[in-house]
Each structure stands twice: as C-alpha cells, then as structure tokens.
Amino acid sequence: MSDTMAGQSAGQTENLSTKSGANRSLWGDVRYELVRSPVFWISSILVLVILSMAFFPQLWAQTSPNTSGACPLQNARVKPSADHPFGFTNAGCDMWASLVWGTGKSVIVAILVTAGTVILGVTFGTLAGYLGGFADTIISRITDIFFGLPFILGALVFLAIFPERNIWTLTAVLTVFGWTSLTRVMRGSVISTKQKDYVDAARAAGASDLFIIRKHILANSIAPVIVLATIGLGSFIGAEATLTFLGVGYQRPTVSWGLLVSEGQNLALAGFWHLLVFPSAFIVITVLAFILLGDVLRDALDPRTR
Amino acid sequence: MGRYVARRLIQFIPVILGTLFLLHLLSTLTIQVVGDPVRALFGENAPPAAVIDQMRADYNLDDACLEQPGNPCLGLFVDRLGQYAGGDFGINFRGRAVTEMFIERFPVTVRLTIIALVFETVVGILMGVLAGLRKDKFADNFVRFFTVALVAFPTFVFGTLAQLFIGLQLGLELRNSDWAPDWLGQMLNVGYNADYPWLSLVLPGVVLGSFSLASIARLTRTSLIENLRSDYVRTARAKGLRTRRIVGIHTLRNSLIPVVTYIGIDIGLLLGGALVTEGIFNIPGVGQLVWLAIQSNDTPVIIGVVTILTIVFLVANLLVDILYAALDPRIRYE
Amino acid sequence: MRVKTPLRVTAVSAVLALGLAACGGGDGDGENGGDGATTPDAAASPTGQPGGTYSAELTEPSYLAPASNCYESECSAVLKMVNDPLVTTDFESGELIFDGLAESIEPNDDQTVWTVTLKDGRTFHNGEPVNSDAFLRAWNYSANPKNAQATAGFMARIDGAGKGKEMAGLKKVDDTTFEITLSGPFSQFGSMMSYAPAFAPMAQECMDDLKACNEAPIGTGPYMMDGSWEHDKGITVTRWADYQGEQAAQADTIEFKMFTTPTAAFRDYQNGGLDVLSLAPDVYLEAKGQLGDKILEEPTATLTYLGFPTAKKPYDEVKVRQAISLAIDRQLIVDQVLNGLAKPSTDIVTPPIPGSRDDACDYCTHDPEQAKTLLEESGVDAEGMTLEYYFNADAGHDQWVEAAARQVQETLGFDYKLNATEWAQYLELLDAGNFEGPFRLGWSLDYPSPENYLRPIVGTDGDSNYTEYSNPEVDELLTQGDQAGSIEESYDAYHQAGDIALDEMPIIPMWSGVTAIAFSEEVGDVRYDVGDGEIAFGEITVTQ
Amino acid sequence: MSTSVTESALAGGSTDDDVVLEVRDVKKHFPLTQGIVFKRTIGHVKAVDGVSLTLRRGETLGVVGESGCGKSTLGRLLMGLERPTDGSIKVLGQEMAGLDNKGMRKMRRNIQIVLQDPYSSLDPRMTVGDIVGEPYEVHPDVVKPKERRKAVQDLLDVVGLNPDHINRYPHQFSGGQRQRIGIARALALKPKIIVADEPVSALDVSVQAQVVNLFERLQDEFGLSYVFIAHDLSVVRHISDRVMVMYLGKAVETGDEHEIYDGPTHPYTQALLSAVPVPDPRLRGQRDQIVLEGDVPSPANPPSGCRFRTRCWMAQDICATEEPMLVNRDGSAHPSACHFAAERDVVHAVDNPSVIEGTTSDNV
Amino acid sequence: MSETLTENRKRQPRSPLSGVKFDDSAPLLEVENLQVEFHTRDGIAKAVQGVSFTLNAGETLGILGESGCGKSVTAQAIMGILDTPPAKVTGGQVRYRGVDLLQMDEKTRRHVRANKIAMIFQDALSSLNPVFTVGWQLGELYRQHAGASRKEARAKAVELLEMVGIPAARDRVNDFPHQFSGGMRQRVMIAMALALQPDIIIADEPTTALDVTVQAQVMALLADLQREMQLGLILITHDMGVVADVTDKICVMYAGHAVEQANVYEIYERPGHPYTKALLESIPRVDQKGEELTAIKGLPPALVNPPPGCSFHPRCAFARDRCKTDEPPLYQLPGNRESACHYWEEVLNS
C-alpha cells in the first residue's frame, strides 16, 4: 500500500490512539477534542444559559411582563438606569424581564422546529436513502416540491391561514419549509452508510432491515444532521424575528425577541437605542452560540477535519 | 450532457406542478378559513350584495368549493393551470394584470438579486479562500465569526441601520459634496433612484446579499480545505506550478461546485429576502409588490406573484443544475 | 361613509379619513386660496408664490377612474386636484357652497326631487363640455351593479338605482340641467353630493376607454395629469392653463410619490427628496426629535372606539361598560403609546365637527375608584373572568389595546386575552356578531354633523352598529334632530341622544385623531383640511 | 481431486455427503436502464453469467480474476446478499432460492462472510464486543444473553486477539487486527462455510501472512470450507485446494491448484499468471511474459462467442461464433473454456522466454 | 522523444535554472541523511530518520517498505511537495547533479520539479484533477513552463498520449480523467511525468491499484521509457515481486529508517537485515505452493514514540538485549551493501 501523506498522518493518529488513548472510544475522541476547545466552552455555556432562560425564566427575572401591574405605562421607553440596566420597553415593561421571558417564545419555537425537522428529515431521509427506488423517487420529489417554495414567501402564504399566531403555528410553518434540507442531507448520508461493508456483514448475519437501520444506519448517518440542526436552530431564531417584522409572526401580548426587535428598530432611531440594541444583542449572541456550537461539533465529529 | 439536461427538465415538470398545487392549496385554504378577500375590501360597511357578487365572479372567487374548508378545489386548480400556461396570473383588485405588474417590476428585482449574488459570491469566495488558506489563523477565525454575526442579525435590522448610517449620513454627505463623484453618492443611496438603475441598488444589494455571505464563505472554506488535501493538488505541486495557480485554478474550480449548488438554493432566499429589502429601501421591485399586496390584502397579487416567483426560482434552480454539470464533468457524463 | 383601509405593517397612516368634500371655509376663490388667512397654522408655514414644483407623499390609490370607484382618501387626494367638485359644504354652517361645477341645487318641497343646474361653459381637460350627459353617464355607470363601483352606495337613494343600466330617477332637462328623483325623502342629499368622487361627471372619452382613463384621468379640476399614473411609484399633476373654476391651485406641478413604508417616505424626506408628508406613528417620534415644532399637528375627524357586544355577559350590564371605560387612562395611552398623536375623547362626535362637545362624556375620564365601585354595584365578579379584546391585526392597534386591557386588568381585575384577527376575518366576525368582547372600530365623518356619528354607531339601524344596542329614545331623538328646523335645534336633539348613548355606553369612545405633517423649507401654506381628511395640496406654495 | 466441478454439477445433485455448497449455472444480471420518464431496460450487466461450483467439507476453493470479472458478485450471491437472476445455490443440500426470510436467516448460520476492507466492514460506533456479538442478537437462540460476553471473548481468543479488548472500538486496532475481528464475527455462528472476499488484499505484507495463517489454522480446527476470492494469485495458490479463474462473469478454467498454476490451459489464465511478478530477480527475463493489451470489455456488452477472444493472441474465427464450454478437453485434463486449450508453463523459468502480445486493438 | 519536444526545451525563456550550476559529472541524485518530522497533535513523528542513497542516470532504485515506513515521505521530500506544516525537513541534503535542492529558493525548486524530477502517484484517478480534460492538464505544463500557446500545448499533449500508448489520442485529449480506465489513467500520469523530459522519475506505487495484467503493461511501459531515455527511476512499492522484476538496487525502509541497501540480486539471495529476511519469508509465491508462511509477529511501531534501540527489535527473531538499547548504525557490509543490524553477519549466514 502506498502511504500518501494523508494516509501517513492518519496512520500515525491511529497508532497513537492505540497507544496513548487506549480506553478512548470514538465518542471519547470527540469529547477529548471538545474539552480542549475554548469555543466549545463559551458556546455551550451560552447555550445553557439561554436554555435555562427559555425554560426557567423565573430564575433570571422574577416577574413576567405579562403579570398584572408589571408594566406601568408611565415607564414606556425609559432608558437604562442603575436599577434597570436594560431600561424599559415601549410598553413600559422592564427590558431585561421582557428579554428573559421572551426567550422561551423565541428559543422554544426554534427547538421545536429543530426537533420537527430532524424527525421528519431523519425519517424521510432514511426511508428514501435506504429503500431507494420508487420510495426514493417519491420522497425526493415531495422534498423538491416543498423546497420549491421560497421560504419567506411560502411562510407568508402559509401563515395567512392561521388566524392566531402562536408557538404551534410558527413551529408548523418553519417546520414545513425547513425539513427539506435535512431530508436531503440525511438521504445522502444514509446512502453512503448503506454501502458500508458492515451493513453487508450484518445482513450476512441475517439481520433484518429494521435491525440494520436501528443499529447501523441511524447511528452512522446522523452526524451531519446533528450539525446542520444546531446551525438551523440558530437561524430559526432569526426567522421568528423576520416573520414577526413582516407582521405574520407573534402578536401581542406575547413577548418575543422578534417582537421587541421589530418594535425597537424604528424607535431606536428616535433616540431609544436600548429598544433595538438589547433585543438584537440577545438574538445575535444566541444564534452565534448555536452556530459556533454546531461548528465545533462538526469539527469534532468529522474525522476528515482532524 | 443533453440527456442530463433532458432528465432534469422532465423531473422539473412534476415538481413544478406539485409546488403550484401546494401553493394553490395554501391559498384556497386561506380563503376558506380566513374569509373572502373581496368582502374585506369594503370595510365595515358592506356594499350592495350585487357588487360583491360581481367582484367575486371577476376574481374567480365565486366557486362553491371556496366555502368548504378542506376542499382542495381541484377544478379551480386546473383552471388556474390553464391560465398560467397562457401567461395569465390573474388580476389585482384594481383590475390590473398581475403578469403585467410583475414584468414591469421584475427587472429591478433581477438587478437587485444580481448585485446581491455578485456581492455575496465575490466577497464570500474571497473570504472563504482567505479563511481556507489561513486555516485556524486569525483571518480564518475572523471570517467565521464575522459571517456568523451577519447571519444572526435579522436582515431588516441590518437594512435599517445601513440605510440610516450609510445611506442617509455618509451617502447624503457625499451626494451633497462637491468633491465626491456622483456615482459614489448614488451607490450609497437611501432608496432606489431610477436615474441610476444599478448604482442605487448597490447598498440594498449588499444588505440582501450579506445574509448568504456566511454560507458561501463557509462552503468555500470547507471545500477548499478539503480540496487542498487532495491528490491532484499534490500532482499540481509536483508539476512545478505556482501556488497561486494551484489555489486559483486547480483547487478553486473544484471548490466552487458546492458553492454553485448553494447559489441555486440561495436564489430562493434572495427572492424572499428581496421582500424585506425592497420594503425597507422602497425599491419598486417584485418584493415591494408583494409587500404592498400584503398591506392592502390584495390576495390575487400575493398568490400570482408568489406563483411566478416560485416558477422563477425553480427555473433558476434548473439553470444552476445545468451550470453545475458544466462545472463538474463527472455529472455531465453520468 | 368611511373606509378603514386595512393597512398592516404601515399601521394607520394619518390619512385614514375620507371626507365629503368640504373646502375650507371661505376658501371660495381658488386663485386666492393661498392668502394665508385661511391657513390655521400659517405661522408654521411661510407663504410662497404661485408656481414651482413640489413633491408630496401619497399611498397608492385604488382607482383614479371611474371616479365612482374612489372610496378612500388616497384617490380622493389626487381626484380633488384633478376634478372639480359638484358642490361643497361649509364645514361650520353645513350650508352648500357653489364653488364647484353646479350653479345651483334645488330640492322640491318634500325633498324627493332635486334639480341640479350646471355652470355654463365648463369643460373637461380634453375639451369635452361638462354637461348633464356627462353626469348622467357617470352616475348611471356607478349605479349599475355590473360595474361593481365602490361608491355605488351613494346612488342607492336615487330611484331605480341598482336595477340596470339607467336609473329611472335621473332625467336630463337640458344641457346644463338635470333632475334627480329619490326613492324617498332625504334632506341631506345636497350635502351628500359634495362627496366629489361619487358624484363626479365623466367624459365620453373616458367612458370609451376606462382603462386608459384610469391611468390618466380626464378631469375638470385645476390640475391635470402629467403623463400617466406610475403605479406604486408616483403620480404627477400640473396646473391646467385653461382652468376656469374656483379651486385652489398654487404650485405649477405636484409630484405625488409613493413609498412602501412610512419610514421609507421619511427617509426620502430626510434625504431631500420629498417636500410634504404625513408622519405615521412609526416615524413620528424620530421626526419629532429632529423637527420639533416644525411639524404641523392638526386634529382630525377620526374617532377610535371600543364596541361592546351588549347582548353578551358581562357586557349586558351598563355599569360594567362604564367601569371599563373609567378604568382606562386615555391620556396616558395617548401620551405613551400614541406618542401624543391623538386627543382623548370627550364625546362620540370628534372635536372638529360642529356640534361636538368637550365635556359630554361622564365616563371617559380615568377614575379607578369609581370604576371599582361601579363594578361592585353591578354584581359582576371579575375574579377569574377573562375579557376577550378584538382588533384587526397588523394595523398598529395591538399596543394600545393591550395597554387598555392592562389598565382594565389592574383596576378591575379582569384577565385579558387579545385576539388579533386578519381584516377579512375580522369583518366576517363583525358581520356575524361573533365578537365575545370589546372590539376596536374607527369612524370618520361623511358630512359635518353629529348625526353622522350617532346614527350609524348607536342608532338601532345604524350602518355601523355592531353592538346590538337599541334604544328607541335615542332613535327618536335622532329623528327629531333630522327634522329640526335649524341647525341649532337639531344639535339639541342630537346632544340629548348622545348623552343617552354616552351614559349607556354601548361603545366607549377612546380618542380622536391628530395628524402630523412634515414639510420641507421649500414649501409654504401647508394646511390640513379636516373635511377632506387630507392636506390641502392645491394651496401649498413653493417658496424657493 | 481432478474431477471436473462442472461435470459433477451438471450431473445434477451430488450424492457426495461431503459437498457443503453446490452452485449450478448461477447468473446475476444487473439491469441497465435508460429513459427519462419511464426506465426502460436497455440491457444487462452480466456480472455473473452462468457459474457452477462445488465445495466440499474442509476444502478451499480459490476464485481469481481481475476487477470486474464478477468474483465479488459471486461471493455476494453465495451469501444471499444478492438474489441470483437464474440458477441454483444449495447450502448443505438446501436450495437458497425458495427460502423465506426465516429460512434464510437460519441458513445464514451455515455460511458466513469475511469482507475485504477492514475499515469499512466494522461499524466504527460499536465496540468489538458488540460487533462480534451482533450475530447473537440476530440469532438469539444460539447463545444465551448471559453467556454472550464469554462467547465473544472466546472468539477473540480464537482469532488471536486479547479478550480483554472487548470494549474497545475498531479504530483502536490496526488493519490486521481488524480483519481478525471480522473473522471472529464470521465464526460466531459456527458456520460450515466462509466466503472470504479479498480478505487480505488491504493488509500490509508482514501482516498478510499472519491472517493467511489464521485462516489455515481455523480451517483445521473447525473443519471449515472456504470460498476464497482474491485477485492476488500468489495468495490464492498458497491457500487453495482448487482454483476457479473467472473472466467477464464466467469461469474460464477450474482445477486443482497445481493444475492451474503449473499447467494452465486457458490463454487468459496463462496471461494472468505470467503477469504476476515473482520475488526473485534471478528469474528476471527467464519467464514466459504475456503482456495483454487493452482493457476488459464491458460486461454489459460482452464479445460474442469466447469472451476473451478480443484480447487473445490465439483467437480464430470459431471463437467469435461458438462459445467454448468449460469442459475437459484434449489439451486440458481439467475443465477449460478454450477451443484451443493447451498446457503452458508460465510461472516457472523457461529456456526460451517470449513476449506474446495481445492482438486486439485497444478499447478503453 | 519527438523533435518538437526537444526544440521546445531549447526555446524555453530564461529559466531560473540557468543561474544554477549543475555538475554533470556528479551523480544524478544523492540523498544524504535525510530527516523529516511531522508535527502532530500528539507530538513529533520522525517519519524519515537519516535516509541516504545515490541514484545514477539509467538506474532504477527500489524503495521497499510497508505503509507508514516513510518511503512516500522520502519521495515527497525529494520533490519538495511535503505539506509544511505539519511536515518539516529537519536535516540532510538532496543533491541533484551536485546541487542541494533543499537550499534552493522556492522558485528555482519549482522549476526543478517540472523540468528535472517528475513524480507518478498511486491513485491516478484522484491524482488527476477531475474537472479539467486530460489534454488541458498535460498542456498546462507546456503553457506554464515553456510558454507554449494553447494550440501548441494541445498538440504536445496529443504527442505525449500517443507516446504512452493511448489509442486515438487525438480524440482522447478532450476526455476527462474519469472517462479513462485505470490503466489508461496511469499512462496519462506517466505522460505527464515525461512531458518536460526530466532526468529522474519517482514512481510512488504506480501499479498498486491496478490489476496484474494492467500492472504488467504499465511496468513494461515504464521500463521501456526508462531504458530509452536513460532516466533515473525511483520505484516506491511494497510489492517484492515488482521490485525484483525491474530494479537495480534496493533500499529497504522500516519505521523511517533505511535498514538495508544492496543490489537487487544480493538482497533476495542473502538478505542482510532481519526485516528484509522476514519479509521475503512471509510472502507466498505464485510459482511454488510452499509450506506455511512465516509471519512477522506484532505490528510496525508508532512513529511518535518508537521503541528505543533498534526499532525492529520487538518483532525481530535475532534480537538480543543490546538491540533494545543501542540504535544500530548503518554497517557497511561486503559487496558495497549496508545494513542497520548489529547482527548482520548472523543474518547473512542464516
């Protein structure tokens, strides 16, 4: 066998791990990689903070802006002060409390959509990739059809159906237009996994299709989906803001980052900079945290980048 | 190549029919669930029933199926397809043909999209190459961070800020100054200026393109890094070629293949994004048309324009696929 | 008549009102329109010379021709420049002013047959004479349901309207005289005819090619189209050299420019590309910060109110309705949410309207204590009860409805739920009477009379009575007012009717509008015409 | 053992109790489709086109040929990974074609596979214990769950791996060790037959010998029968009792190891053997060197008659018209599919070496 | 070689090589004590540790070894195409006609690469750029190094393809690499290596991916061309058979060290290093049935942390205590051969 350069370094790594990291599993390698990455630490701490805000807002701000009396109108647009370092919103609510309590609406949608797209993408992608043939053709064409509707335009038409915009309708629309890319990625990944010899070996041992999908295909195909999903999670948060700006997203009295930003963008220019800066910062930091986390995960999961 | 194109063309037909049907379904459902857009035109005080009926008939909204939620209105769909085939995408509530309105405005959107595409591909590829060649160095981290930050910033916020601080402050300064050339001030305008059909779209184009900049830069970076490790780069080096040539010709051509694929997807994002950008910058393009139609509840326009845009997007994708085949001979001779 | 243009993202522009034409008082001589004395806020607006060109912001109109399809302020703003009215109404006295195309308008004794005599020698821009045929042509077209004209309702009172090509009640006497026979007596028909678009004449050339006419209307007014309508971009009108009428026309050319958003318009203004614009709430604060007092702020005749489904619990209790009204701090909402661009209501009738009062509404003040007391007296327990508020989505109502709902919650303890509904669906719910709680509606005048507010909203058969409120006493008082011999007498009756309605509160008036207009240093004599609900574009002068 | 495989196969059902695998005229044609809307079958890739073989207990049958000759497809057919287009495969006397899923699963206990690539044949996300024990999950009745760990450790021991490494992952092993893991997995169900598809070609020379020796030891220990598929003629000679040479989906020559290597009668076998370099510089220029020109024709459109004729220096008109059967012939005491079969020693040094080139034009 | 190719060479515009004084009397290529390290996450891997050999015109040198032994790194270090980082040449000399290539500036080195030393790689499919035609890739050499026009370059490409025996070369220049068969692709690689008439060709496992009959074709072609043009050929392979067939002398590498060097006949007859001996005994032969193979126990060592002393000692049948501590020098053996084994005499005589 030739030892090309890439082969050479790969060979070394292999030999090394046999020696020095004898008890390190594949995931152990990933862990090893992650633990050493400062980006991983920063982004995952941020993600944890954001998630805790989403699910336990009371930990970060006691009163919800939707509590009776929480938003005296007299305070509308009051700028940051020592007591209220983030100032007050246009509705007179404490900005910090609004951001914290709005995290849920923005982030939970993104999480639900991610979950939905992953479930759909993995299911359809696996079916199309593994079964091939007619099932593949049908699923691929359906994917193309949904893909054919440009996202924002499709969302506009779609959201017009729902008189009420809440977590569920937003989740539905983002999922409907978001599942296609994951399906395509999963399909490609499954096709390449399906051709691996260990799948043949399992079949030779008499394993059923279901067994093979469960044991081999899913575990070995899902890495690119996970990575794409974290990046998607970030962009769905941004999508909520854009849809809200276009008037088809959340509506009051819901508190969400998108609402705060689209409300703040005009007022910021009237001198109330804090109405735009803080919500924007929350969105940017969150999206950044998720995308960077996806980045380090990909680097760690993808042996090619090592 | 011919066969590849033919196959893509044939695959295109069920997809476009399916997409149009999906759109039809959504719009039908909207009318069934939300209510009759004709009635909405007249506000609280309903006009004589005869007037409403006449308008419903004019806009093909008098089909009984539109009052049965869940009914897919297949008959209407077939009618619509027939009209689409004849280039008729309906009329707006003021009797103007959607097709005509679209054609009038489409060139502006095309120009905007081209500027955005050129900006995002040129800058994106440059950034990607820079990051790929300086992997894990400062330049790489900078590019990664910067582009992600752009993604995270909602376009409408970015657009507003660009319009205000670049267009209205820097740009106005330039336009009012004696020394700055005219084109420079126009390039940084607050909105569209028909006298400068390209220049005045530069700032909005950059705003529009900045969202996809990240994806292109990242795609280029990843595939460049991958290709730089490939055997044929080693061969090129063994041939005694200059590094510039190895990166610029041998590697980049291969690295652009995923970028081209992405551009196909991106056209859809741009067409959607043009909605926001044209709204903010008051650009008389197709996006603005949709924006205005949403404001005035002009359902036929929304459906008609989105339908045309969907067709445009699918056709653009088809072209990109063919371009893809031109770039990658392995596909061509499949 | 009124239109609530279903604006979404733009929120409500300040030009909501659609008025029956009522040219500013004493503004009889068009050429002298800019003499400053008629401009209430002249101080803010220097006077310029006739001639010159300026640009103004305009929202895309729906139709320019046939004029009978014009049912909102956008088109009427343009048509007012391009068309002469038939007649106008004095805003203060309610008298007809013949500064338009009509020489005289005379009803018969029982107000069923009206005779219109036209001024001699007036022509359309294309030279066609403005004669009886031009009017019959236009009105018959409008009344024909086949043509689905938006203002067809104005014709409804004419005998034979909506029954075919020609109305039986319309009869040409000679070239300058025609007779209108109504299907029943109606004393206000003369005032009604001052709604110019609905009663405009139409040139034969226009009738022959309505499409072309829509792009470049052939009118009778002081301005004529300069080129054709550039949809969503602009409309330019220039002064008609041969104009013989009396409407104001100062500038030589007016460029109406259209913008996607009010913000975009303001940016263009900042950029020096726009001379006159109405400031939407979106940009008002920013503009106020930059322009300060240079902004012209004028009250409008637009009323915003919350209606109650009076047949449903707990709104069937008058005291609950009163309590809710008292719980709302209108001034605070106006200041903090509407940025001062409104005036808290003291009456159902808006302040610019003759016969309006500034102390009529006892329950329009903010009095939490009394509110609580009234609620207690009503016996309704707010505990665990949720009030559902309704408003049309994306029109900028969400903030104030929420603020009001919060105040009600804080004072009375009702929880709240906000239902933002698409316009089309909102209307369906409205038509079907399916609202379960307070719903937002607006009202703007058709003609300057208290009757025009009271009858539609609180009258039993009111066009806009969606509250199911019915009080024979109110109806009776309104009829009394209608038949009163003088305007003062009629006001007495109307005021009594208003007092009852304000006491029983089927609706709670919130505020009347204030418009804010920004203009560049290059224009002067900017005036808001409350009757038109528009800036008086014809009076604007160019200073440089 | 000089009996013709084909003969016994054609005789229809061997009565020989020792026969563990019997393949008769098996074919695998992959359809070639064309068409944009509806796929039309415009031809077939005849990957395996009528191959028969018999394998006896404890015997090793080597299958050699160049890439594209169909030997791997044959292996997959034997394993039931592909369904044959035609022909019969009997494992321990049981016909494979008629089996339902359950029967097939049962049958698989008797025949197992070892694959070429030691990297892709092991699931990187499973531990060695899981990989080797996977057959027990599929066939839960073979070993009780509690005893599986022990069974797996025994297997690792058998193939020369440290049983303590049961919890390690494949990437922690070298190529040779991984191939041992693959062999352990194949042994788990105690099969009678192992189909080994290029089991050592990915290994370094120094490790290759270890694995070849392991194969031989296991055969002795467990009485296994091997179908040993490889392109390395030296390794095949070393391990095989009998050898089958394949070209374009057909067997062109079969026989005992020494018959094939010392007296090949088919020109293709001769060319193949002569091309194998011998690690002995003294033989340089001393051997018959047959350099074939051109490439293997497409299996979708094989030449008429004898498939080798396009590259054969001995081809005559009859070769284009009449397909030579795989039978014993005048010039060949073992089955050879050549009209002009004649023995020729190409692996040993000869007095008068010559270079005979192919006669065909190059078709690439 | 065709007339035009030679002409072209003369016409070549001011090559940076004109400033370099090559000594035509010096050996074609001398590698002396070459050291290459790789900086990996886990430490420094000494991929090549003191490899030396000499190659004369018309001579074929075989570098024999298993994967990871450093033979390809050696070749790439000679070519100067190692990825730096992670690789780094830390010592030694590579002299072409007496001039040390490692001291050259990159520009001159690049010209040496194109004009003097060429390389052929194992996997021709991945070593050719998939998106350019074969003709374009061949012609590029002429366009970049000889200033040829597109048309000229194309004509030359056709000539080259004909020379390496590709039928219908005129049409096939327009084909893409994936349209060629494996053997034909390797011929294209050979053509590319020969394009600018180099003196040395380094063939890194040129036939490993090929079938035996194709391997025979390619090796025959390579041998013919080498003889014809009096090239110095370095053949890197793990195949003992191929080496035996074509080389003049052999350098055996193990774990970055050249453990044995000798004339091809001597090495096969009487190996002077236990590793060479074990290798020869572990391979089956096509011309003999043979008995059980003698396998080499254990695995090659990791390069980052090699065993002390002789790196082969854990696997060596001859190893004693001394081997675990003392790294053996290259002993000069009788007959101008070298072996890095303390007990070379014992090995020779066993």
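Each chain gets a letter, A, B, C, D and E, in the order it is written, and its residues are counted from 1.
Operating definition for what follows: contacts are C-beta pairs under 8 Å (C-beta built on N, C-alpha and C of every residue); 3 or more make two chains touch, one makes a residue touch a chain.
This is a predicted model, so every value here is computed, not measured.
The minimal number of chain-to-chain contact steps leading from chain B to chain C is 1. Hopping across touching chains, the smallest step count from chain A to chain D is 1. Relative to chain D, the most remote chain by averaged C-alpha coordinates is C.
Note on chain placement: the centre of chain A and the centre of chain C lie 49 Å apart, centres being C-alpha means.
Each chain gets a centre from the mean of its Cα atoms; for chain C and chain D, those two points are 92 Å apart. Per-chain CA centroids place chain B at a distance of 53 Å from chain E.
Rounded to whole angstrom, the centroid-to-centroid distance between chain D and chain E, based on C-alpha atoms, equals 33 Å. Listed for chain C are residues 8-9, 263, 422, 425, each touching two or more other chains. For chain E, residues that reach two or more other chains under the stated contact definition are 66-67, 76, 121, 123, 238. Shown for chain A are the residues in touch with two or more other chains, namely 1, 4-5, 15, 18, 160, 163, 246-247, 266, 269.
In the complex of the two chains, the chain B residues touching chain E come out as 230-232, 234-242, 245, 250, 253-254, 257, 327-330, 333. Those residues of chain A that touch chain D in the complex are listed here as 1, 14-15, 17-18, 21-26, 196-198, 200-208, 211, 215-216, 219-220. Partner chain B is touched in their complex by these residues of chain E: 76, 79, 81, 110-115, 118-119, 121, 123, 126-133, 140-141, 144-145, 176, 178-179, 189, 192. On chain D, the positions that touch chain E within their shared complex are 66-67, 174, 176-177, 204-210, 212-213, 216, 231, 233-235, 237-238, 257-258, 261, 271-284, 289, 291-293, 295, 347-348, 361-362, 364. Listing the residues of chain B that touch chain C in their complex gives 34-37, 39-48, 50-52, 54-55, 58, 93-96, 101, 104, 160, 163-164, 167-168, 172, 189-191, 278-282, 284, 288-289, 291-292, 294-297.
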